[in-house]
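Common to both upcoming complexes is chain A, partnered first by chain B, then by chain C.
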Partner chain A sequence: MPLSLSDSTWYPIASAEDLPLRHVYQGQLLGRELAVWRADDGNVNVWENRCLHRGVRLSIGINEGGELKCQYHGWRYANRSAGCTYIPAHPADAPSRRIENKTYPVREAYGLIWSAANSDLPFAPFPGAESGDWFALRPMPVNAEPADVLTALAGLAPDDQPADVLPGMGLRLGEVTYFVQPVDANRSVIRGLLAKRPENEAAALRAHNETLTRLRDRLERAAARKPAPAALQPTFDKVSVELSTMPDIVIPRGNTMPVVVKRKWQTADGVVGFELAARDGHLPTFQPGAHIDVHLPNGLIRQYSITNGPGELMSYVIGVKQESASKGGSKVLVDTVREGDVLAISEPRNNFPLRRDATRTVLIAGGIGITPLLSMARFLDKSALPYELHYFTRAGEQVAFRDELGALHGKVFIHTGVPRSEIATSIATTLGDWSRAQHVYVCGPSAMLETVRVTAAAQGWPDEAIHFEYFKNDKVIDDSTAFDIELARSAMTLHVPSGKTILEVMRDAGLTVPSSCEQGACGTCLTGVMEGEVDHQDVYLNDSEKQSNTCMMTCVSRAKSARLVLDI
Partner chain B sequence: MESRKAKFIGETVLSGYAVVRQIPGAKMTSPIDPITADLWQVIAATDEVAIGVVETTLLLDQPIAITRDKDGLPVVWRRTSEARGDEIDPETIFDRLPVITGYGYIWTSFGNPPKELFPIPEYAEADRKNMSCGSIGLYVSAPRAVENFLDMGHFPYVHTDILGAEPHTEVKEYDVEVSEERDEVLATRCRFFQPRAALSATEGQEVEYVYRVPHPFCSVLYKSCPEDDSRRDVIAIFLQPMTEERCRAHLLQSMVDSTSTITDLRRFQQTIFGQDKPILENQYPKRLPLDPRSETPIRADKSAIAYRRWLSQKGITYGVIPMAS
Partner chain C sequence: MGSASTQMTITLYDFELSGNCYKLRLLMSILKLRYDIIPVDFYPGRQHKADWFLRLNPFGQLPVIKDDELVLSDSGAILAYLAKKYDETGLWFPDDPAITAEVLRWHAIADDITATSSSARLVLGMFYEFDLEKAQQGAHRIFRLMDEHLWFGEREGRDWLCSPDHPTTADIACFPYVMLSEEGGISRQDYPALRRWTDRVRRIPGFVVMSGIFPAGRAAS
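On to the complex of A and B.
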């Protein structure tokens, strides 16, 4: 039977030993090339062997432990999702579009790595698989048709003991179980397994290798005498239209996904950790500094930063401040949500992107502000980039994520109980004078943010080197303008007078529109703009998103033009 | 580009030979589009072809032979039984292909080539060191090699510690235009931080580049000159498309550099191209895909996008995967 590009059968594509620490292995199956690599968490990735940017093989890339880095332009792709997390040519931008490489299903079992051309069939162990302590033989590549190789292997059996045929081009011949990996129409690899580890491994490997070498020579002589079948012609999937057209900025809209609270624990005095796991598979790609919206049981939506390191997509870990004063938000999470509960979260969104092109990165956290900076420190750590993390808390018991901080290799300074009057001096010393390619990231109470901004500016740090994220909008909203809004999908034109928000006017007209913070910080009321010029007053959209004039926050932003056409 | 107003001085233009579009029975493994057929194609460094001795190469899938006559003028023809190194009397060759010399190289064509090569006026400036820097075979299409030449984003990764170094990876905004008048792609205000931009550079600096693509398979780069702020070094790459998936890169340097030797300058450029070669040969597909949905461009790739569109609009199909109509 000729090979098919869409064959759903699982085949072995590598030995487990082909994937040592931080290596990338070039695999092949059914005419396709694969980049196969093991992340530091043990997960094996099988990806199309091609960077989506310029088509360079990812098998010549660098395995950084949680991300794979392309050799050509340094693009980073995350363990598990193959989502692009960083584009070094534009270090200040979070790759806002869904650049995701093609992945193939994978299973590591019986000393081999198994994969398939698609996910149509679940992985099924071969008969007798569970009873062995499997030992993989050296693979034997053969330039011959896979079906011929299988037939020849069967021919090795003595007449009185015919081979047992196994599904997926496998057969058992006495003590050896063989699988033929169909590399291409005229190329195969024989992968053998012994049911137990031989006493003399080297001798066993050599003996089997000699048998298979003789078989290969015979097969290749026979193959040379007959016409070679045409090679398979795999095609590359096209990228989306959205990715192929360049400057468009796409803002993820309110899609939510369910997550299970896998673990809830007191990580410090006043800080509760939540581990939110995907119900099956992995969660979407995120970048350091990203946050998620958590939809709370009482209907509120709150934003929390992801603390994870690169390629950690099985669950997101967030830290929640236990505030007695907090009405409804964190309090509901802390008091009522338990392990095993299901919550809805948004896709990760990044308003606090980390540049990885700095010669010096200073991370300054105050209290619960440690969460995004912990993620940043973990990314820098994995890429062996220099950084200093300064974490200010009132007391030692309030230091959250101590174990995680302890696992970092960079310079981590924990400042506890520094009197408020001395914080500025401490920050001034920490920052020092600015020079090219130095960046500071700060997250914490607004007073601390302000101190860092003022101190840094006074010491010559330019605006673009000082990075922070707003969790609330402290700007004074100017609601003096009056204008009309045309609601394209609702076929309605409304007048927005001064003193009223677009949101209020729409609600007065009987429309149901979602909102949360109503101060332009959370992103819930994000609305598409089809015509007109927006007067942005929020702190949610970044500058390029604002300049795109394609979306707005209807709770605080208004119009510069006399009329706005909204996609509602 | 003020300097481009200077008068273009080509080397020699030979004309008068019959232009042969296709010899009956010649092997045509890939269809050559008419635009490609009419272009001048680079085939060898003039100095490297000895008088009365046969040099052989492949152009657009077709074997060709080259020699020089007693006056040093090149003679190019479709190769039949000649082998490299044979002695030959050029007077005995009648079915000649058109030939032109320029920028140290011999160029030929299978169609009706223009009267002149594209201009590089700086080449004629008396105090420049002009040199060919070797011909490097690449198992990739010529347009992929052009695109790599236009690309700054790979400097820190591929030309580490020479043309770029991590963590300085940013490609700043630059301008690209396709000049209809000159029929070329032009990228200006291209800036990149380089630890050692040229042989004469001693410390890191932000270097400014201008790129021209005046020919579908050739590109010219102007970069700030470490020795003289008011002038620019010129580096050009001329690709010889041997097959749709294989080419030779012929390099030209026209430098303002009073201290380095030609050997050093050549070695520097060969190091750079030696670093590009393994990356280019790991690119798939090997032909340049012109469908915008086949790869993922970013802002830094503006010049490459303009180049792909330009090829598409011209109707070039050789060495590319054209857009499905």
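On to the complex of A and C.
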């Protein structure tokens, strides 16, 4: 029977021990080449063996433990989702989370790695699978048709004890269970399993290897005498233009998804950790610095940074500050949400992307600001890139995520109880003078962000080397002006009176415009400006971006000119 | 015994794309030896058949090395020379007679890999008129045996081609044209243990790359 590209059967494609950590195995099933790799968390990934960028084999790439890095232009893809997490040619941008490599279903069981050409069939153990303590023989590749290999294996059985046929090109022959992996029309791998570990392992493995070698040589001599069937011709799905182009700096709000509060714990005095797990499978790809919107039981939406390291997609861990003064946001999470509750979250978005091409990366966290920087440190750590993490808290008890910080290999400095007057000096010493390809990332209270910005600027750090994310906008918004907005794409001119925001006016006119924090901190309502002078009142854009006068946050910022033309 | 600090002047007659020259660059990098390079345009210039080069090596083959006044050719012989002369640890070319024999056996296999895998690469990359199919089949035959040897080695706690628990010049000699086999149209997909061994070689401290040979990234910590 000829092989079919759409055969949904699960076949073994590797031995479990073929996949040591930090290795990429090259496999093939039904004509499709596979890059197979085990992440540091043990998860096995089976991906199409080509980088979405230039088609280079990912099997020659680098397994970094949580991400696979293509050898050609360094695109990185996350464990589990195969989502692209970093594009070196765009070091300052967050790649579209929608760029995802093709994955195949995978199951590790009975000493073997199993996969299938598609997900049409659920994985089903072969008969008797659950009763064995399986021990894999050395796999034997054979240049012959899979059906012929199966027939030849059956021929090894003595006449009075014929082989039991198992589903999925399997056979049981005395103590050995064999599977034929259909690599291609004229290529196979024989994968044998013993139901228990033999007493003399080495001798048993050698003996079976000899038997299979003789069988292989016989099969290949026979195969050479007849015309070889044509190799299978799998097609490769093209990546759509939409998915392959760089996204705008902000992806409009998508649908929410439910997550279960798997764990809630006091990670430090005043900080509660929440582990939010997917209800089924894994969560979407995120990049270091990314945050999610959490929809709270009282209807509020709040942003929290993901603290996870690369390829950790089974759950997101966030840190929430316990604030007595907090009005309904964090307080609701801390007081009323319990383990087992279901919350709605947005897909991750990243307004705080991490460059991975710096010669020196300085991460400065104040208090709860540790959350995005912990994620950044973990990514840099896995890729063995140099970094320094400085974490300022008022007291030692307030140091959150101590275990996670302790697991890092880089330079981690915890500064507790530094008097406010000395923080600037401490930061100045930490930063030093700027030189090329040095970057600083800071997250914490507004005063601290200002200190880092001012100190860094005074020591020669340019704007593009200072990266920050504000939690909230402490500025008093001046909404006294009145002006017109011309919406270029919507062909509409609207008047914004004093006391109303641009966002409100647009919504009143029936437009659907994404927004989230509505205080000029989160970046969701970022809009392109084509004409007119903007009166920036947000804390999201940096000074260079504000001076460029090409974009604005419509939730708080206004116009200095009588008219603004917006790209909306 | 010399040492890196007192070494004489080594000159390598080198072609950048030659796996056999790379073997020496690799070992000299691992041993932290300083050396000068005199480029020899093997392709397309065929300078290895030029009179001046034939005076250095009448067989007209790269690489050639000059250590002060001593002129040596043949990559395997030079690997042994460099290790015996400059490797103070004695690990790269061990003195034990049985292990020396083991290493030399793999040096011979390395020459077979050159005759097959490298020949296929010369056909496809530099337009030599060898029998491509025969070269490819020959390489597959060797790779099969290497994969089997290395697979059982992993079971027995042996990571390298020879029995010591550290790499030797045997690994250096066999590595380049295994790693460059795809340029000769020879896939290593059927040799998972051989592929894992190439990861280990690429993680030897001091490892350097050449065109077509990529780094393996860090081992798990």
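The rule is short, and it goes like this: the second predicted complex is superposed on the first by the 467 of 568 C-alpha atoms of A that agree within 3 Å, B and C clash if a C-alpha of one lies under 4 Å from a C-alpha of the other, contacts with A are read in each partner's own complex, and residues count from 1 in each chain.
To be clear about the criterion, a contact is a pair of C-beta atoms (placed from the backbone, for glycine too) under 8 Å apart; a residue touches a chain by one contact, two chains touch by 3 or more.
These numbers come from a predicted model, not from an experiment.
Look at A:Thr211: by the touch rule set out above, it reaches neither chain B nor chain C.
Of the two partner chains, chain B and chain C are each touched by A:Ile60.
With both structures placed on the common chain, the touch criterion links A:Arg50 to chain B but leaves chain C unconnected. When the shared chain is aligned, chain C comes close enough to touch A:Pro139, but chain B does not. In the superposition on chain A, A:Gln71 makes contact with both chain B and chain C.
In the superposition on chain A, contact is made by A:Leu21 with chain C only, not with chain B. Touch criterion not met for A:Ser490: it reaches neither chain B nor chain C.
When the two structures are aligned on the shared chain, A:Thr430 is found in touch with neither chain B nor chain C.
Shared interface residues of chain A, touching chain B in one complex and chain C in the other, are 33, 60, 71.
Residues of chain A that touch chain C in their complex: 14, 17-18, 20-23, 25-28, 33, 40, 60, 62-65, 69, 71, 138-139, 141, 189, 201-202, 205-206, 209, 384, 409.
Residues 148, 151-152, 154-156, 188-190, 192, 195-196, 199, 214-221 of chain C are the ones that touch chain A when the two sit in their complex. By the touch criterion given at the top, residues 147, 152-154, 156-158, 166-171, 278-279, 282-285, 289, 291-302, 305 of chain B touch chain A in their complex.
Remark: chain A residues 33, 49-50, 52-57, 60, 71-74, 87-92, 99, 236, 238-241, 243-247, 356-359, 385, 437 touch chain B in the complex.
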